[in-house]
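Each of the two complexes below includes subunit A, the first together with subunit B, the second together with subunit C.
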Partner chain A sequence: MRRPLTLYGLTFSLPLLIWQLLFFVFPLVFLVALSFWTVKNFRMQPDFDTVNWVTIYGRSVFWQAYGTTLAMAAFASALVSILAFPCAYAIAFKLSDNARRWAVFLMVIPFFTSYLVRVYSWQIFLSDAGIINVMLGWIGLGPYGLLNTVGATMIGYLTLTFPLVVLLQLFSLVFIDRTLIEAAHNLRCGRLRTVFEVIVPSARVGLVIAALFAFILCFGDFVSPIYLGGGDPTTLSILITDTTKSGQQWPRAAVIALTMIGTLLVVAFAAVRFAYKGRTK
Partner chain B sequence: MKNDTLVSFEGVVKRFGDFVAVKRMDFEIGKGEFLAIMGSSGCGKTTTLRMLAGLEAPSEGVIRLSGKPINDLPTWSRDTPMVWQSLALFPFLNVVENVEFALKMRAVGKAERRRRAEQWLDRMQISEFAGRNISQLSGGQRQRVALARSLVVEPEILLLDEPLSALDAALKVRMQSVLKNLQRETGITFVYVTHSQSEAFSMADRVVIMSRGQIEQIGTPQEIYRTPRTRFVADFLGSSNVFTGTVTASDGGGVMLDTPAGPLRLTSGERLAAAPGRSATLTVLDTRTNLALTAPGGPVNAIPVRMIGEEFIGATATIYLETGTGQEIRVQKSHEELAGIPLEIGQELFAWWAHADGHLVTEE
Partner chain C sequence: MSQMRMPRTGITRRTLLSTGAAALATPMLSRRAFAQATELTMLAWYGHAEPDIVAEFEAENNVKFVPKYYTGGDNMLGLISQSPPGTFDVILSDAEYVQALNEAGYVEELDPNDYAIDEYFPEFQNFPGNWSDGKLFSLVTRFGFLGVAYNTDALTEAEASSYNVFWDPKLTGKVGHFDWHLPNLGQMSLLNGNANPYDIDEAAWSAVKDKTMSLRPQIGGFFDYGGTFSSLNDGQMLAFAGIGDWITGVLEKNGAKVRSVIPEEGGLQWSECFSIGKGSTKAELAKKWIQYITSAKGQAKSANMAAYPALIPNQKGWEVLQAENPDEAKRQGMTKDAGNAIDMIREGRIQYRQWPVQQSLEDWNDFWSEYKGA
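Up next is the complex of A and B:
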């Protein structure tokens, strides 16, 4: 059923519409246009040439970075979901109302400091002369090369996403009808089994959305792969900066950015489909 | 009777902090019995049921199931399935999966549990909805799914907490007969919590009346209706006229009471051990109370009253009257029984009943 456009309706939807145009559609259109421009003598000029798309998609380094980024973001989002769940579960079901408010507050605190600062402080822990290696040295171990590894990047990704994922999971867990849990127990479903048989299915939409947010954040992140991972392996975000630095290749960077946006759209769509699967037939 | 006991509550108390929700419960539930628990809101009915289901631990006392104490058994180790007021069906499972749930937890094989679940759907006449989502069912259909889900394991006992309260009146009556038939056919013990007197009295073998965390009376619907044991029960059921007074004489023949409505005598009953000087309460069913223009003779109590109102439901009339001291009296009769009595507001009449129809209840 389509409703006719009215002035009344427009007054409410117009600000949102303008907002969307200003901050999403215009930049996107510009990015698309940019991807067809050409660069001559380190100078960009408006054009309509598919050369950038052909060049980027023809490079194995791009596909390698694409695969790496996809795998790392997917792994991080699965890892953070698994690690965050017991935490969100405990806050939702084991704490008193008052303690739960404090826990939520504590989960918000990390957002007070810049992500960059938090990543730099991980360097202090992980570097060769860092806190962890010094402490290992006391018992005669190490030093180990902890920094500039994929593991360090993962730690950065967790730093970025963990509080958010806990909060998102928590909000889906607290709205679960407690009588469903009691009913499961009453039908001989033990405590642990109830988590998988009742709690996870009940909170499914929230859990998938939380994982999706983690994926989106990690997929586009530049800070952790460069400052903790040392830029190796190359992720798409690193590839973008490299591309812009080498000879003003903004149009090629636009191709990479558009590919990332397209990927995120597909992933987000699939995740939402999966989350609501079987809900309404 | 003792060998047939399935559940026994022995001095069971439940406290939430300082608040005593259940004061002291001592009662037994027989095998295959349909027991209804009634009482006003907040009197501890749900708490009692939840203790039996293992969802709440008693603060004191012992609950036994088939003779064995079950206080320390968690709910998933007891076989005491419950039907919630909200039904608590799993929205992420379809109808047949909901019914299979308890079988899956008992590691029954896939094919076998599908077969048994379908059998129960069939029995509850909801086979056609097997593949549907819970949200696509009507209230009555959901009710049947909830019953099937609990009964599929064929337990010895089923606990129901106001399962029909969300249904409309016509559906309620239909589901009452479904429940009663189910209970009779399966022989499963039903413990049924309800607010509704008509539900309890039409289905139950025995009724427990609770008030403020205590049992006021246990008995068959007939017993409770005819001989309410306490003033609370008489008031709660609202089917008796109640007179409180002082015992003036008590002998083998009966008891004399001095009440604001006049001296009253009663000869019936089991408990006539009321010592003179003590206060006592007499109840008489409104259907056993009669009206007359002149005070009849014989072994009856007759009180002069004035008519203040009337109400007709079908073939029955309820006449409201007032004594000289302002106490309300109700008389429930068919039209035939009232023939010849002028029924006008303000009419002076006599309300009377046979000495043998009165009952003495204990005083609180």
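Up next is the complex of A and C:
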């Protein structure tokens, strides 16, 4: 049923619309326009030239970085989803109301400190003379090269996304109709089978959205690949900084950024579609 | 009790009240003074408008610097081109970018008679890029050398005295790059025996690319400013290409076991120059600042900047530094001894870091991206 526009309704919807136009649509349109500009002697000139698209898409380095970034972000979001689920499950079903509130509070605390600071502190743990290698040394192992590896980047990605993914998963788990779980138990469904056949399908939307958020955050992250991964391999975010660092090539950086935005939109739509698949409401 | 104590300390109720009132009013006074100070905007690398450098000048001239710090010349050009003329009163620029500043008309002409250029070493009096058609547009204020940075526990100075040390098997995965193509590829070009490392023909450029690619398996990472500091400091990287004392000097002063050496194949020179921004309404004050920082006294301060140390082109500045801070003068090689920094330049061991002459900057940058992705 469509309702006529009212002043009352507009009062609440307009600010959001204006906000979206100002801070999302306009910059995006500008970014698209920028990608057709040219650069001469370090100065950007408004233009309509496809040279930036042709150059960037014609470079193997770009596609290599694209594949790497996509794979790393996908792996990280799968990993964080798997690791976060038992944690969210325990908080949702095993803790008392009071303990659950504390657990949620603890999950929020990491957001109090800057992500950059948290990533830097990982260097103290992971470096060759760091805490982990020193402790391994006590039992005669190592030192292992932990820092400046893809594994270290993954740790950074987990640092970024883990608390958020636990919280998102948790919110979908606590709203599961408990009678469904009781019914499953009454019908002799085992605990593990209940998790996979009742709880996971019931919480599918939340779990998929949580994984999607993890993917979005990791796909665009610059801090972990550079400070824990040592900038090797090159991810798209690093490629953007490389492109702007020499010769003011912002238009080419815009091409990379737009490709990233496009990729995220496709992934987001696919994920949402999958999450709500089969739902009638 | 309190009355008995008072005579001993000499504090009476009246003095207590008046000093208290004065103490309470002090922030107001200083706030007024602060408000009256003229604001001078400076576009520079981090550190140039910090108290260790500008406090004295600010106090003497009732000026307050408002710094805008950039990271890299491209960033600097971007900031200027996106701001209206007159936004920046003083601009500090790497020498490679000075020409671009001139050509774009971003800086005012300077009068050479305003500055103590005759106190400069002859090599710096006609510094390339500072002059254009006989007119002065910027003035070099400090410079430094780029060579092999190394961990003194892992390598001896003799070992580090050739760029070939980067290929040493014991350094596999322990060689870091400062993530910018210009200094790294310049060093590779020096290693390949190119007398002018940036003016090379296609064959030599091809050879530089091959040589650089052969180093790829040794590389432990590509680091920005902060990452370079931390990976050298915690020993994660044992040798570093593309940097020099501007990084290791800061770490060395803080007790880290790192140093830089100019290898036998030669080193590169970075240089920073001051200009007055086009359309500055405080050009007179900006001139005064450049006079101060290029004077012997200002130069000695600049050499020992907390953010990153540097060599200075003013000979009298060397003398002031030798008198005030002989240890730092010695550490940086700004002494009267043979083999000092200026001797290295005179022996032809140092080449300017500059933009590639026969290739475009884009070619070098694209290769660098390829190298990183390899």
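In this text, the second predicted complex is superposed on the first by the 271 of 281 C-alpha atoms of A that agree within 3 Å, B and C clash if a C-alpha of one lies under 4 Å from a C-alpha of the other, contacts with A are read in each partner's own complex, and residues count from 1 in each chain.
Quick note on the criterion: a residue touches a chain if its C-beta (ideal position, glycine included) is under 8 Å from a C-beta of that chain, and two chains touch if they have at least 3 such contacts.
Remember, predicted model here, so these are calculated numbers, not experimental data.
Superposition model on subunit A: subunit B and subunit C are shown accommodated side by side without a clash. Of the two partner chains placed by the overlay, only subunit C lies in contact with A:F42; subunit B stays clear of it.
In the superposition on chain A, contact of A:F269 is made with neither subunit B nor subunit C. Put simply, if you stand at the Cα centre of subunit A and look at the Cα centres of subunit B and subunit C, the angle between them is 150 degrees to the nearest 10. Look at A:L180: by the touch rule set out above, it reaches subunit B but stays clear of subunit C.
Judged by the number of subunit A residues each one touches, C leads among subunit B and subunit C. When both complexes are overlaid on chain A, the residue A:R188 reaches subunit B alone and has no touch with subunit C. When the two complexes are overlaid on their common chain A, residue A:Y227 makes contact with subunit C while staying clear of subunit B. After overlaying the two complexes on the shared chain, residue contacts for A:F26 are found with neither subunit B nor subunit C. Shared-chain residue A:R204: touches subunit B; no touch with subunit C. Contact with neither subunit B nor subunit C is seen for A:F196 once the two complexes are overlaid on the shared chain.
After superposing the two complexes on chain A, the shortest C-alpha to C-alpha distance between subunit B and subunit C comes to 46 Å. No residue of subunit A is contacted both by subunit B in one complex and by subunit C in the other. Residues of subunit C touching subunit A in their complex: 72, 74-75, 77-78, 81, 100, 103-104, 173, 176, 179-181, 219-224, 226-227, 230-231, 234-236, 361-362, 364-366, 368-370, 372-373.
Listed in rising order, the residues of subunit A touching subunit B in the complex are 177, 179-180, 182-190, 193, 197-198, 201-202, 204, 278, 280-281.
For subunit B in complex with subunit A, the residues that touch the partner chain are 53-55, 74-77, 80-82, 84, 86, 88, 90-93, 101-102, 105-106, 133, 136, 149-150, 153.
Only residues 41-44, 59-61, 64-65, 120, 123-124, 127-130, 145, 147-148, 226-227, 229-234, 238-239, 242-250 of subunit A touch subunit C when the two sit together in their complex.
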